[in-house]
Each structure stands twice: as C-alpha cells, then as structure tokens.
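In what follows, a single structure is set out as structure tokens and then discussed.
Chain nomenclature is as follows: A, B, C and D, assigned in order of appearance, with residue numbering initiated at 1 for each chain independently.
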Amino acid sequence: MPTDCYYVDVPVRWSDMDAYGHVNNVMFVRLLEDARVYALRDWFGHDRDLIDDGLLVARQEIDYLAPMTFNYRPARITMWCSRVSGASFDIAYAVGQADSDVTYALAEVTLVAYDLQAEQPRRLTGPERSALAAVAGEPARLRSRSRGTR
Amino acid sequence: MPTDCYYVDVPVRWSDMDAYGHVNNVMFVRLLEDARVYALRDWFGHDRDLIDDGLLVARQEIDYLAPMTFNYRPARITMWCSRVSGASFDIAYAVGQADSDVTYALAEVTLVAYDLQAEQPRRLTGPERSALAAVAGEPARLRSRSRGTR
Amino acid sequence: MPTDCYYVDVPVRWSDMDAYGHVNNVMFVRLLEDARVYALRDWFGHDRDLIDDGLLVARQEIDYLAPMTFNYRPARITMWCSRVSGASFDIAYAVGQADSDVTYALAEVTLVAYDLQAEQPRRLTGPERSALAAVAGEPARLRSRSRGTR
Amino acid sequence: MPTDCYYVDVPVRWSDMDAYGHVNNVMFVRLLEDARVYALRDWFGHDRDLIDDGLLVARQEIDYLAPMTFNYRPARITMWCSRVSGASFDIAYAVGQADSDVTYALAEVTLVAYDLQAEQPRRLTGPERSALAAVAGEPARLRSRSRGTR
C-alpha cells in the first residue's frame, strides 16, 4: 500500500462481531462501504457529491488476512484509486486498526458511474478523473493476482 | 453454472434494501453467508456439521450483474464446489430469484478448514473431500477471470 | 395471545446471533419488522399496499422472555391489531419458533399512517379500519402493563 | 433529560438508512446498543467490564420523535440510569445529533445482571450500585408514562 495514504477511521460496532467473536466477514464489506462514503465526499468535494449522482458497485474482491476482534478502537481503512477506465474506477483498500500494524484485510471494489435518470452508465467527467488521479496508487496485492493460472 | 444444481432459497428482508431501494451490495454477501450455512449442513450432514468445527472465510469475490429489488420472493442461490486444495475449498455462487431467469450476481468464496483448539488450519478429511466432490463444478465465470491481463 | 392467530414464519439468519451466541436483542426488532412487512400485505391486500403509502414507526416496546439460538428453524411471529385510533394503530407480537412452545418475546409497535406527499399524518380510511378490525385482539401482556406504578 | 449529562457520539452508517432514506427504526435500537457498550465501560471501569460478566436485555421501549437522515454527523446519545432494583437497572436514552437541538428518540432499556456460569440472574454488587448512582436521573418521558390508562 502507498505510504502517506488517505485513510478513514471507521468505528467498529459491538454488533459487527458474529457468534465466533470476530468481526464478521460480511461486516468487513460493510466497513468498506462506510469508509468509501467518507472517502468519496473528501475526494470529490463536499458540494458536489458523486455518490448522490449515482455510483453502482459492480465488483468486490476481498482477502481476509487476520481475524479482527472488537476492542473499542476504530478500523483504519486506507484507500486509493487503483484503476480508472471510461465509466468506472477501482478503489483499493487496506483494513487496519488505529494503533496497530496488523493488516486485517485487503480489498478492491469496482464502482461504475451511473446516470440514474437515464438508467445507464455514464463517462467519468474531467474533474472526476482529476480527483481520482490525485489519489492514484497500485493495484491491491490480492491473492488472485499472484496466482499464475486459475 | 452447472445444470441440476444444488440451491437454497434465502428470504430477502425488506431491510436488505438500501436508500437506493436496491438490495444493498453488502447484503448480497450476507445472503451468500446465509445460503452457505444451509449448504454446508446439507453437504456435510446434519450430525457432523463442518461449520461447527471451524471454517474461516479467506477470500470473497463477487460480480454484481443486475440490481435486485425487494419483491417478497426469496433469492435462489445456486452453489457448487469449484476448487479443493489441502486445507481449503471454494464455493461458487449464482444469485437468482425464484420464478426469474435473471442472474443478479456471481461469486466465489474461499473457505479454510480451521482447528479452533490448535488455532491453525487443518487438512480436509476424506469424507469432507468426498462430500465436496459430490457437488463439484466449474470455476465461477467472474469478470476477473476473462481479463487477459490486470 | 388470541388463539387461531395470524402468524408469519420469518427465517432467522446465522448472522442474527451476536457474540453471545444468542439472537441479538436488536435482531428481534428486525424480525418484527420483517414479519410486519408480510402481515401488512396480507391484511391490507396485495394490490393496495398500505406500507407503500407511508407508515411510520412511532413507538416500540419489547419484552425479552427467553434467549433464542440459531437452529435452522424460522421464528414464528404471531401478530394482531391491539389498538386503533384516528391516525395510528398498534400491532402486538408474540415471537415463538416453529415446532416449539416457547415464547421468546412479546412486543407492541405503534404505526402512524403518513401522507408522504403532504408530509403529515393522515386518518386511517374505512377499508383500513375494517382490515384491522378483522385481526383485532387484546393488548400485549407486556411487563409495563402489570406494574401498579412506575 | 438531566443537564450536564453523560453522552456518547455514535457514528451513523450510510447503511443505517432504509429504503425511505431515513435511519431505520431498527437501527436506532442498534445505536442504543452501541452507545451502551461504551457507557458501561465508562461507568463500571475499563478493567472490570460488567458487560463481560453478562448483562441481558430484558426490555426495551423506544419513542420515535423525528426522522433522522444520514448527514455525516454522529448521533449524540445521552444516557443515565433511571431505575435500579436488586438484579436489574434501567438506562434511559435521548438520541440527538451533534450540532443539533432535535431529539430524535427517547428510550429506556432494562438490563439484568446475569451469572453466565450459574445461568441465572445475580444481585448487583455494591460497587455496581455506586457506579449507577453516580449517573442516576429521572425516568425517560416516554409516551406510555403520560397515558392515564391503557
């Protein structure tokens, strides 16, 4: 993950734990969503919020690296843009915890800019591309990437 | 997806919808979990439930193909085993809906057999391998598989 | 609770359990919501769905009587209308489980008919009152009712 | 509600909104739970956490006073102890939002001290009573309290 990265601290709820006492695998994906809501507002500006214009999740991939327990500390979710195409982009995530060196999960989510009125994907605008360029980084080092063949 | 497949009907809750009025992307992952709980019981037998012995989610990948709305009908989640290794296996999923031909999502989840006492992965047993062989199928046709390079 | 009552079987998800291994107290309230969505459709008719016209939850009261664990069986939620006023009504609930005599919780929820356009409560219509009269029953026997003073 | 009260700021998640675009009625109960987890740690001390010893939710009552929308600000949840008996106590809640005068909900939750080993309620200890006395306040002004008869 890039150093000096953008991150958001997302509080973990007691209820995010499942019957195993670990933050549930599904709730990791919820934490990614919550972090993204804040990141997009920061990246695209508070006045003109891309997410209000429509943004669909087209794909998610997540590697779980270590179990996380509830300990009153927020998850620290580092995010960067790892790919941009005509109408979509990828956000890469590393999920840690404040005051910890452990990386609990790595993930990548593909978002598609969507025209809610026209009900179809739309091209990213110039300002949107610039905003994403400012937080650009490498692809997440997901396990699937290091496999020779699958 | 294989024909004549094993599937579980998982009820969709009204609350699975988000502020967009669609079943939320995170709740799709929740539906996968719920379907898996039933599938593992069916595949491994009701007396000796693998999931009670420990099974960790190591990886999830999901492609969202169409938005799903709440319509009082359950999600029909087709599942098969798409890969087996020493201590882990993949479940592939196709998420549809009863009385519908639409495939809303495809997914693949890697599960690791885990010895909760010893706190380490363990090898799959012979009976477990046989049970998985009985529901074996092809890898899910995820978008990442069809890309030449990434 | 009235005999011969209307009930809905609401599947319990594995994830409804919390770190204690019990169906979480909050998820009981979720089960009430899910049962209500089906009940209102049945009571008010499939064509003209009251909930689509707006119905706000004004108040909830729930007594937890016994811990519920996940056992692959749905919660059986019995519901009846325990009060009707000009613009609101109460639904009383008894939460059991299929194939069990245990009552896990009793609850009462006040719903207000709401005109979403005018953004204000509206009077219940004649047909709505008739529909509620058909499922009328006694107030739920909540603990707060049996206290002399509080 | 008492002035100069103890409160906890609980972040609202985007996903706490339902298809109506309001924080869902069930998620209010989730926010109460999350606030309580922090309050109990503060009230009973960080070393000896009552909730780790077992504390069952016996009853919840909540009045919804105004719809809350997601606006990137946490819910500000004021809490005090409104009743203590031999083995149980009530926490009263007022749910507001940082930088706002609106009270979105009032609630009261009864918690029972529970001996998890013996599987039965237990008496509150002297130190526990002292801790609760330090945050004592009036009963929540719930609608059910102001009704002459029901």
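Operating definition for what follows: a contact is a pair of C-beta atoms (placed from the backbone, for glycine too) under 8 Å apart; a residue touches a chain by one contact, two chains touch by 3 or more.
Note that this is a predicted model, so its numbers are computed, not measured.
Taking each chain's centre as the mean of its CA atoms, B is the chain most distant from subunit D. Interface repeat of A-D: among B-D, B-C or A-B, the matching pair is B-C, sharing over half of the residue-numbered contact pairs.
More contacting C-beta pairs link the chains of C-D than the other of the two pairs B-C and C-D.
Inter-chain centre distance (subunit A to subunit C, centres taken as mean C-alpha positions): 37 Å. Chain centres here are Cα averages; for subunit B and subunit C they lie 32 Å apart.
With each centre defined as the average position of its C-alpha atoms, the distance from subunit C to subunit D rounds to 22 Å. Touching two or more other chains at once are residues 14-15, 26, 30, 33 of subunit D. Every residue of subunit B that touches subunit A in the complex is listed here, in rising order: 24-26, 29-30, 33, 56-64, 67, 139, 143-145, 150.
Note for the complex: subunit C touches subunit B at residues 10-11, 13-15, 30, 33-34, 37-38, 41, 72. Remark: subunit B residues 14-15, 17-19, 21, 24, 26, 70 touch subunit D in the complex.
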